[in-house]
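Heads up, there are several structures right after this.
Look at the two complexes coming up: chain A is in both, with chain B in one and chain C in the other.
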Partner chain A sequence: MTACAPADARARMLALVPAGASASEERRRFVTGFFRRGGFPTRKDEDWRFSGFGALGRIRFQLVDAGSGVVEPWPGETAGEAVLVGGVPAEPALSPPGVRVESFRADAAPEDLFDRDPDGTLRPALPVFLADARDRLHRPGLDLAACFRHPLEMLNAGLFTGGAAVRVAAGVDSGPVLLRSVRGEDAGGAPGMLHPRFLVTLEPRSRATVIEIHEGRHASRQGWTNPSTVVRIGSGARLDYLRLSTETGGGSHTGRTTFHLDRDARVKSTVLSLGRMRHRHDATAVFRGEGSSASLNGLFVGAGRERAEHHTLVVHAARHATSRQLYKAVLADEARTVFDGQVVVAPGAAGSDASQSNRNLLLSDGARAHTQPRLEIHADDVKCAHGAAIGRLDEDALFYLRSRGLGALDSRDLLVEGFAGEIVEGVADERARTLTAASLARVRGRGR
Partner chain B sequence: MTPLLEISDLRVEVEGREILRGLDLVIPAGETHAIMGPNGSGKSTLAYAIAGREGYEITGGSLRFRGEDIADWEPEQRARAGIFLAFQYPVEIPGVNNTYFLKAAVNETRKHRGEPELDAMDFLALMRRWVKELDFDPELIRRPVNAGFSGGEKKRNEILQMSVLEPTFAVLDETDSGLDIDALRIVADGVNRMRSPERGFLVITHYQRLLNHLVPDRVHVLRRGRIVESGGGEVALRLEAEGYGRATAPVGA
Partner chain C sequence: MPETQRTLGSAEVEQLVARDYAYGFVTDIETEKAPKGLSEDVIRLISAKKEEPEWMLEWRLRAYAAWQEMKEPVWAKVSYEPIAYDDIYYYAAPKSAVEDGPKSLDDIDPELRRTYEKLGIPLVEQQRLAGVAVDAVFDSVSVATTFKEKLSEMGVIFCSFSEAVKEHPELVRKYLGSVVPHSDNFFACLNSAVFSDGSFVYVPKGVRCPMELSTYFRINASETGQFERTLIVADEGSYVSYLEGCTAPMRDENQLHAAVVELVALEGARIKYSTVQNWYPGDENGVGGIYNFVTKRGKCAGDRSHISWTQVETGSAITWKYPSCILLGDHSIGEFHSIALTANRQQADTGTKMIHIGRNTRSTIISKGISAGHGQNTYRGQVRVLPGASGARNFSQCDSLLIGAHAGAHTVPYIDVANPDTQLEHEASTSRIGEDQLFYCRQRGLDPEEAVSLIVNGFARDVLSELPMEFAVEAQKLLDVSLEGAVG
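And then the complex of A and B:
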């Protein structure tokens, strides 16, 4: 790996913005902006102080291509599906009635899937984090723009080569829709990067189940996957969202999911980080309408020297919204985790009800967990609760199970499964449950 | 005939402190014994020592179950051999389903006895019978073990587990504490229903009132880690009236 000047990195990244893509000028500006703001975040950046990704800036990435990867069909029942390999559509998408599922290449994105700014500029649902600074979310004394300024989001916005979009028509119940991104192959032996982009729109009073999957193997530890998902949930609509990452190969996975909720909209999100990677996921929920609610849940199962961070940002920008967060980690060997949970209650967001819980189960002396609640409350009449726990298996519970005849090892297994079960039990997708069980079986064996 | 439980000169240390200091206790099959005693006398330590809890170190004497020295047995070995402990504070285990857990426990014991494992249908039938018999809220068996149960529900769950597991010898560690009179009766009935010439019970209690419903064959008074007095039901009645003050000197000391 050769070190190179930031200017080189910028030029190389700019050259990778897909030519001929819609809004390619705007996309180039994201890349430029990314470097102007400091490029790859390092530990010196507040939001990245647990682990920086500065080393990525020294890698001469190429975009991965589809290669010859064969995609195994996803078991279980699905109503709709879009599959990307190497960031571009691998097969025609499947749409159930009343739902539009499309996969697209960046140079041929269906424009009507995206929004336009008031001045007519195409806004391919990319710079939501920037737009928010301008629109009605803005409150005096609250720098929301800073909250949304995620550097790697800008790079995804600039560099995505393809993605998939789902739009559920008003009043429709979509059934399970799969969005799969398979890693693909590194081009010409250079370390590969992948920036898939997903857009999910629920029109008012619709219901949807969306299962987003990131899978495949990184060819080297220098591989990088940087997906982004933007979700808009219309008034009275309900989304059940499952995000599953199972990538292997020890590279980096930095993903984001951002939910925008209108009046009385609801989302239940479950993030299962099961990959053998250096992993970070940022879940953001923005309550734009009164009475909306979000339940954000996550599980990391790690062994060896695997790392996963779960960062959450919940913005109560409307009154009487409810947020619930429950994130857990099961760690063996020298696995590490970070939970960084931020709750912002904007001025005037009375009746906000926010709670946050982070629980970490350490199965070995070398495992580490770090938890950081950040509550920023600018309104009165607000309920805000948070709790965190980092601990070993409960000796009382172990003895209780053994005193009923269960073996010592079986008792441990049962407790580990039970710990993770609180997150997994609400997950309907059979394959996700099987994969979680397999991950747990792997760490359990090492905790003994 | 070999007694069911035979404890002689038992010494148990917890975190380096001697709690049981030469305890003798013999419970023949078919009998129910009660142990009473003030706080800190070692009642729960005795219960844990019998069940094999880690950290309850036997430093002297012997602990025999059906003639076998079980001092070195793991808790699960003891359970499979037919020893049951109804906990004073049943543990909440979020995420572990009550029915699943109990089925696993029953089948471990059946395996140990060389009996075929129960399948899901047979086990559910068994559960349904006991849930009805013990007036247990059927919703609770579908929930995680003891999670969010009230104090009374937890104690009933202990009796449910005991009934389903059919132990040969059961220790009830202050199962009556914190129960109202109806719950107390259910606990007592649960034990009475199981009493048989082959089984034995050790009932640890603070109060005499349980013994009105669950009449013991013998009552022992535990004080400072030793049995200081033994007798019939009259011992419990006298303790209720006079407190533990009189039973200070070890018998024969």
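And then the complex of A and C:
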């Protein structure tokens, strides 16, 4: 690893912000802000206590290249598609009727890629409503703005070289839209980093299925992918969101998806972390309209020394919103998982209904699971519950299956499949299901 | 301290104030104090006053050195004015007690006796009433210990900490700091440096302690931090139940309390530790009240040992307290039952840690948080299963009840598992008192306050039932008193 001092890291990162591009001055400010806040988070930061990413600060990254840019087509039926290789558009985007799908380079990024404060300042992924609602929501002990201080989001906003945007017109049903980001190649042998940026907008009463895919191979274990997706769901609109990361090569993947929901908007999100990586995904849902609802789900299947962290933050900032969370992990060998879920019910958010559940299956002695389901509640007319369970396969269930004539191995596989099935069943995409099945096959026979 | 008598408004106003503190009064006794602030000299003075051996002083000084390197923790979800550690008296003793210790109850300062009577400790009656021995702690020095002889017949040692240092140095030396080391955390470290007194219990092998042991804590002299240290050792196969209850006089300045409790359960031993904490919580605007930063930890050192914590926390402006169990012995059991009530502007950040190290260890966590008014109540707990802890089982249940739109209830469990042969469940729920429940009660003729009290007591029943009889009654009454005025 080539080491370099923090000041050096900052200068290098700043140099990578595309000069002359739109808002490049503001984007430099994000990078500066990132370093001013302490740079790469370490284990000493509460939200990063199991796996800090401080070591990234010592790597001399270069942005990845598009490379040869050969991308295999995604099997199955798709209505729209945008493909990025090495963070920049690889082929023209495909838009179904009533839907605008575009891929862009940083200098031609859409106007609404960022939120702006009333004074015109750009904000990465910080909801617009927050600026005016902050005072209303602020009570001692509730620092809502702090919830959004995700340091790596700042770097993405500063350094992205390209991305893709989807806009579904009011009342339109989009069908499946694919957003694919392929890793690309490391430039000049230096460890590569990739910061793709996605924006999904659903106008009122529209419906969409969006599948976000991160694929490709990291050339070295120092590789890093740091994608960011912001989703705005208009009133009465419905989104089915699937996020699939299948990157390999043992580098780091730190992704975020942030949903902003208007009145009666609904989202169902499924995050499948199947890559052979050091993985972290932060899912955030902010209810800004009454009656909105979100269902956040996730699955990690890990073997070897892989690890995945799923962090969630659900902010009930409007009344009568409903949130459901279900995250699961199947762990073999020395795989590790972290679930850190947080539900915040803001003052006045009456009728909030939140539940949160985390289940982890440990298949071997070296596997580790850490769970932290947090509730922070500042209103009294609420229904909140959370649950967590960590354990190995149920002996009774195994016995039952064996007594019905199934072999030991088959019984275990069946139980593991059933465990993962609760997440995967709702996924329509054929390829995603195949990939999950393949991941499960890797841990086959590891159950004790 | 007549100057710290609280200033009363008109009687009418006083009656309207939502939640009066029933135990607010200040006893006027001359107090012997060390100078304000903390330094090696103050520690030497404390140690000299208590005629401690050299090793005890060294231990204190080591703790002080470690404390100076530490920063006050800020991770708890409580906010309070910074504490001026230099503006606190670290030692105070009722003079009359120091000069010549009481030979019998009659020797006790009558003023002190009256204080206890107001508190409802039937000290005089203690010897006649069956079952409870009291090691009453009044401003840091034990002034009366009853039933000592009866206990000593069975070989049970129950005395003040300073007495134990003198008379049983081998036991104290062996176990002091074995569960909460002198450098454990900021507040425990401070306590280790300046602790003034506390209780010491040793139950010998195979002995079932014939009565419930009890200490009343009492903060009295103004601006005196109270630094209690309790050490309970249950030798192989023994059993002891220990009760701790406390109340403090009403006053305006915040008082710091940083206690340490260490429990050691050897093979097959069982310790049951119950607390009712009812210190002055501050007034309805959050002025005054005790800062309660307590480190409580038990070590199930031997196989099949069992430690159970039960706490009812209704007092204190700030509570920072995590009674924990280190489950070292195979088949050992840890339990935590808690009710934490925050009303007005009270803030509590409390919970437990269950560290599973031995095989087939089991732990149960039942936490009931009740928030009313502007109270903020946080459950913060950790269940940790180490790689060697095969067969570990944990069940956690953390329920919160919200009363009023400004109350806050937060749950922060940490669950870290490093052994697959583990069964672990965590459940939590948060809700407010159901309208239908209230309606039902009111329809049966209860007024709203009675109805809420009934529902709250039902909510807390799982924990209340864990308390020894006399405590259960007091705790139930406390919940009612604490919620007065919070409803409506």
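Of note:
What we mean here is this: the second predicted complex is superposed on the first by the 410 of 448 C-alpha atoms of A that agree within 3 Å, B and C clash if a C-alpha of one lies under 4 Å from a C-alpha of the other, contacts with A are read in each partner's own complex, and residues count from 1 in each chain.
As a working rule, a contact is a pair of C-beta atoms (placed from the backbone, for glycine too) under 8 Å apart; a residue touches a chain by one contact, two chains touch by 3 or more.
Source: prediction; values computed, not measured.
With both structures placed on the common chain, the touch criterion links A:V71 to neither chain B nor chain C. Contacts of A:T371 after superposition: chain C is touched, whereas chain B is not reached. Shared-chain residue A:L14: touches no atom of chain B or chain C. More residues of chain A lie in touch with C than with the remaining chain of the pair chain B and chain C.
Touch criterion met: A:A420 reaches chain B, while chain C stays clear of it.
In the superposition on chain A, A:D396 makes contact with chain B only, while chain C stays out of contact range. Judged by the touch definition given at the top, the superposed model places A:A437 against neither chain B nor chain C. In the superposition on chain A, contact of A:R404 is made with chain B only, not with chain C.
Once both structures are placed on chain A, no chain A residue is touched by chain B and, in the other complex, by chain C.
Interface of chain A with chain C (complex): residues 46, 139-142, 347-348, 350, 360, 362-365, 367-392, 448. Residue ranges of chain C in contact with chain A, taken from their complex: 75, 77, 79, 376, 387, 400, 402-432. By the touch criterion given at the top, residues 394-397, 399-408, 410-411, 414-415, 417-422, 425 of chain A touch chain B in their complex.
On chain B, the positions that touch chain A within their shared complex are 51-54, 74-76, 78-80, 84-85, 87, 90-91, 93-96, 101-102, 104-106, 108-109, 112, 144-145, 161, 165.
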